[in-house]
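What follows are several structures.
In the two assemblies presented below, subunit A is common to both, partnered first by subunit B and then by subunit C.
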Partner chain A sequence: MTVAPHRDEPPGEAAARPGAGGGAAPRGTAFPAAARRLRTKVLPAIIGNLAMTIIGVIFLLPLAWLILAAFNPHASPGVVTPRFSLANFTQALQSGASGAIMNSLYLAGVSTVIATVVSTLAGYVLSRHYVPLKGAALVVIIFLTGLPVTLLLIPIYQIFVSIGWLDSPFYTSLVLAATSVPFAIWLLKNFIDQVPREFEEAAAIEGSGQFRVLLTVVVPLIMPGVLVSAILTFINSWGAFLIPLVLDANPSDTPGAVGIYQFMSANGQVQFGPLAAYGILFSLPVIILYLISSRWLSGGFSFAGGIKG
Partner chain B sequence: MATITLEGVSKAFKGKPAVDGVDLSIDDGQFLIIVGPSGCGKTTTLRMLAGFERPTSGVVRIGGRVMNDVPPKDRDLAMVFQNYALFPHMTVAKNLAFGMRVRRVDRKVIDREVASIASMLGIEALLGRKPAELSGGERQRVALGRALLRKPKAFLLDEPLSNLDAALRAQMRFELKRIHAQFPVTTVYVTHDQVEAMTMADRIALMEGGRLQQVAAPEVLYSEPANTFVAGFVGSPKINLIPGQVVRDARRPTIRSMSCDIPVDGTAGAVLASLPHDNVVIGLRPEELRPRRPATGGLPAVRGVIELIEPLGSETHVALRVGGHVLTCKCPPRAGLEVGSEISVEFDPEHMKVFDGDTGMRLG
Partner chain C sequence: MTAAQEIGAGGRARWRRADADKVKISTIGWLLPAAALLIGLFLVPVGYAVYLGFTNIELLGPLAQDYSFTGLANVSRMAHDPVFWSSVKLTLIFVVGSGIVAQTVLGLALALLGQRAHVMVRASVGSIVVLAWVLPEICVAFIWYSFSQAGGMLGELIGRTSSDFLSTAPLLIVCLANAWRGTAFSMLVLSAGLRNVPQEADEAAQLEGASYWTRLFRVTLPIIRPTLMINMLLITLGTISDFTLVFAMTQGGPGNETAILPVYMYIEAFQFNALGYGTTIALALMIIGAILSIVYIRQLRPELRRGR
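Take a look at the complex of A and B:
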């Protein structure tokens, strides 16, 4: 992380322009003006930058530890420079990291697709159509956003037992999707609210039905919102621990977030090296996802040129 | 192609009427232009025809069929939106092709049609761009092109030329008339521009405050305005509307205005006699007021002081103060007039319009 220096202008430039900073003072009084400048501008800037650097280092330390430990076959809780080695990665992969990551990909992928489709449809209806008690429905949705999953897990487990949905990655991802849907609906409804209706009207008068309007006009226009919602759902499902642990006891379905625990308990001691390597492997898909979608997100959310005035 | 009828159509937004009891019927293939001041309900009327707004009361028919509950996509209309509504995420070519792709037209046909409309509108070079990269006039032409690529039952055009420069506007006016002559599709066209209305319309519907003031052919609207509002709206410079009094004891029906007794013949004269009050308004078009030549044929005339002279090249507009009123006269160029000098202007009472001073309705 680099902390950008918070400087208004280089001092040399200010001296070259008599009108700046010290006002239209004659040359002789420029020196006290510079001293005041040092006191009021430069000093606070130095202190501010120093504070930000310290905070940055505090945040960076665990990351540094993670990377250093991953390549150190004798990793410990301390930060030490390693003798470079991939032994930890091999050990992590041998103990089933790749399978667990595939399981995580399945759970996160399926739940992301389901949650995004459901939320887009629901957000569209809530934004555009008359819904009885719409205001109340929105309040309930926001309330659900804050509801802890732990609270629902026991009843969900019992329901799954009674309809025989336990130990199925698909049904587990349904529940994962459901935990993300309230926030996604709320997010996407707000995005759709911003889309001027004329675009949909223009598409409708050209003969498009509701679904075509949604797919060819609304969704492309709210793509940044859809992506944000999808990424959040993906990350939520990717890191989900309790839901897959409870709902799918099948060892071959274990996702990464659950699998990582074996390194914390094996032989009664924490295996720091493989743990760090596993952590890096496990975070790679999310990082890749960010990199891919940032290309789309940087386009921003605007309707420039479509509507006059 | 289809007839369009509005029967007692009203639209209120939160109880406030935007369109109020409009009765209008448009023949198959007719080019109807709706004009009126800003906020008079033109766009709202068009949106009810398109199906974006549901009338609060009244019936909308297209091709004889009641449309009130038919969704826009099933009405088979093409529309140019006042604010364009181009799809921002699509190129110009995709915007133009949108409707044909919905109707699954063959790719080759689409490409050909898009190319031909683009060349007609002069936007061939823009086909690969997105709307954000176009100027206002270019966007407007794309919006027009998107509508013209259809052969709908009717065109709804909301100020489709408002953002073009004068030369381009004249050219597009011509193109639209040509297209309409070639394919006489029923067209409802909204504009602020009197020249557009007068030159393009088969009929003009003049609206004000959500109500239709008059629906007539352009010449009729000009020569036979139904009320003072219509008279004041049509024609440039504006008609002179001057209050007057009925002279009851004269032998012929007579109006006294600007200290001048004006005989009124014909039906207006007959109606004048039975008017329950004496208040009238006379309407004199600037082109009907002529500086008095030395020899006069006994026409009524008024004397006034020249307040302002606006030479426009082909003609000169003169503001003449007569008593408490200012008359606008259209004079020939280089008439040798001077600000501050006193002149007489005469007019033919036969071309004068007489309105009821209380209701504003035309008499006769």
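Take a look at the complex of A and C:
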């Protein structure tokens, strides 16, 4: 996975060659400079690399269990010997994982399309058009991004009961889309703000309608933003648990997240192997999407630095 | 925050442009779908929640239809509900312990170590930590549920195979799982913050003979303080409303020992039928989140002012 950027190598470069420095150790006393180098550069580098490796190994343990258990037909919660068998995967697929994953695909796909289209239109208008009370509207949108879903759930459930929208995958995905829209609007508006207006003006002079301009001029220019927004919405809806659990009780609409929970909390023996396989199958799409988007996402994490103005 | 600044500075200037100051039909038409979603599924529900929180509505039975406004009855019930207060305490432990402290400290440690570590170490450890963050929350819940079982890997590792840690130390396990899942976010944000620290500052301190720790606490951390604060604010808001991880691992149990506010809200509303009371709990949760946000933003005010 390309997480750590490869750009900023220089700071630790010299210190990060434990092998080279370690060789100089025995002669350290004869050469005071080498001894100091050992103390101030080489030793901290070894300790630093070691500390990071230890943290990494600790983080790896639960993941290692998941992978070992998924491929071992006699998986238990304990340490299992590495085996390679796909029995757990076939069993997981037979017990309904494939249907549940298709349901997740529906929920995540529909909500991603709705949220992305709606937010692109709104982000464009909020970036370019005159909108009365625009400042206030943007503040409200930012406030909404921080609102807990748990607060919305009971009133939405109540509203859905009264208008008969419960137990419908489509309306459930509408709620999932809505939970992503505030952030998506904010993200896309910021992207559109950076596109020079001259492009659109040129297209408008050539007689293109506004929608055409948006679709053929603006959207291609902000494609990374559209993709990031779509991928984040998809990941969010894919993992959604509470909203489908409450709004759609129809067993045939159960998405993957709720399916895993039902397996976990089912009475009797938990089948760790098939469940681990199910977990891996369910996680794969999100991991792949993350890998695809990490290139564009990496820039997003410096947002907090922007505050320095 | 950055966005708030933008609205203040950029928004106003743009209003004065010549092509503007008239609401076009397309403006309304293009805003309509987003407005409908946000009003219908955010603003109306929030307003409705404020009303429902003061009623005796229930999930099933006669009170599902013929509920009525009961004034402060739910609030006084909440004030006298020991489970609610223990839930507030659990929520704060969960947010502060597994969110603010563990994720920030671990994320900062990884970001700092990553600066000087070998590329291979940094890339592989970084990938492992990020993988834990990318996994769907329900999978994290299942992994830690199995990991801490009686006879599970955790028990084998620390030599106590027979204990089921989800009954002996449920809050600790839930906190560990949340820290495991969330550290990557802090690591990524703080790495980005560290990259923006000018090297000259650190080099100047080094020339004056300052040790690594002195430089860290006197130079680097003060420079990335705004990033640290925003990171903590985002972690707080994310952790305080977290439901899936804890609910899937423990359902709030054993005996409400892990019933943080979102889980307690769900239990009251959807398992004990008390939709009205559940909404009151959700409102209390929102108020706690708002208070914490205000505290953070007040802390950030000097930086915001300087940024202008």
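The rule is simple: the second predicted complex is superposed on the first by the 252 of 309 C-alpha atoms of A that agree within 3 Å, B and C clash if a C-alpha of one lies under 4 Å from a C-alpha of the other, contacts with A are read in each partner's own complex, and residues count from 1 in each chain.
Keep this in mind: a residue touches a chain if its C-beta (ideal position, glycine included) is under 8 Å from a C-beta of that chain, and two chains touch if they have at least 3 such contacts.
Bear in mind that the values here come from a model prediction, so they are computed numbers and not experimental data.
Contacts of A:76 after superposition on the shared chain: subunit C is touched, whereas subunit B is not. Judged by the touch definition given at the top, the superposed model places A:260 against subunit C, while subunit B stays out of reach. After overlaying the two complexes on the shared chain, residue contacts for A:199 are found with subunit B alone; subunit C is out of touch. In the overlay built on the shared chain, the residue A:217 is in contact with subunit B alone; subunit C does not reach it. Legend: residue contacts after superposition of the two complexes on their common chain; A:53 is shown touching subunit C, with no touch to subunit B. Contacts of A:208 after superposition on the shared chain: subunit B is touched, whereas subunit C is not. Once the two structures are superposed, subunit B and subunit C can be ranked by residues of subunit A touched, with C on top.
Common to the subunit B-facing and subunit C-facing surfaces of subunit A are residues 302-309. Across the complex, subunit A meets subunit B through its residues 196, 198-199, 201-209, 212, 216-217, 220-221, 302-309. For subunit A in complex with subunit C, the residues that touch the partner chain are 1-4, 6, 8-9, 11-12, 15-18, 44-45, 48-49, 51-53, 55-56, 59-63, 65-66, 69, 76-79, 114, 117-119, 121-122, 124-126, 129-132, 134-135, 138-142, 144, 146-159, 174-175, 177-179, 181-182, 185-186, 190, 193, 210-211, 235, 238-239, 241-242, 246, 256-257, 260-261, 264-265, 270, 272, 275-276, 279, 282-283, 286-287, 290, 298, 301-309. Residues 50-52, 71-73, 75-79, 81-89, 98-99, 102-103, 130-134, 136, 139, 146, 150, 163 of subunit B are the ones that touch subunit A when the two sit in their complex. Note for the complex: subunit C touches subunit A at residues 1-8, 10-12, 15, 20-24, 26-27, 30-31, 33-35, 37-38, 40-46, 48-49, 52, 57, 106, 109-110, 113-119, 121-132, 134-139, 141-147, 149-153, 155-157, 161, 180, 183, 188-189, 191-193, 195-196, 199, 212, 226-227, 230-231, 237, 240-241, 243-244, 247-248, 251, 262, 265-266, 269-270, 275, 278-279, 282-283, 285-286, 289, 293, 300, 303-304, 306-308.
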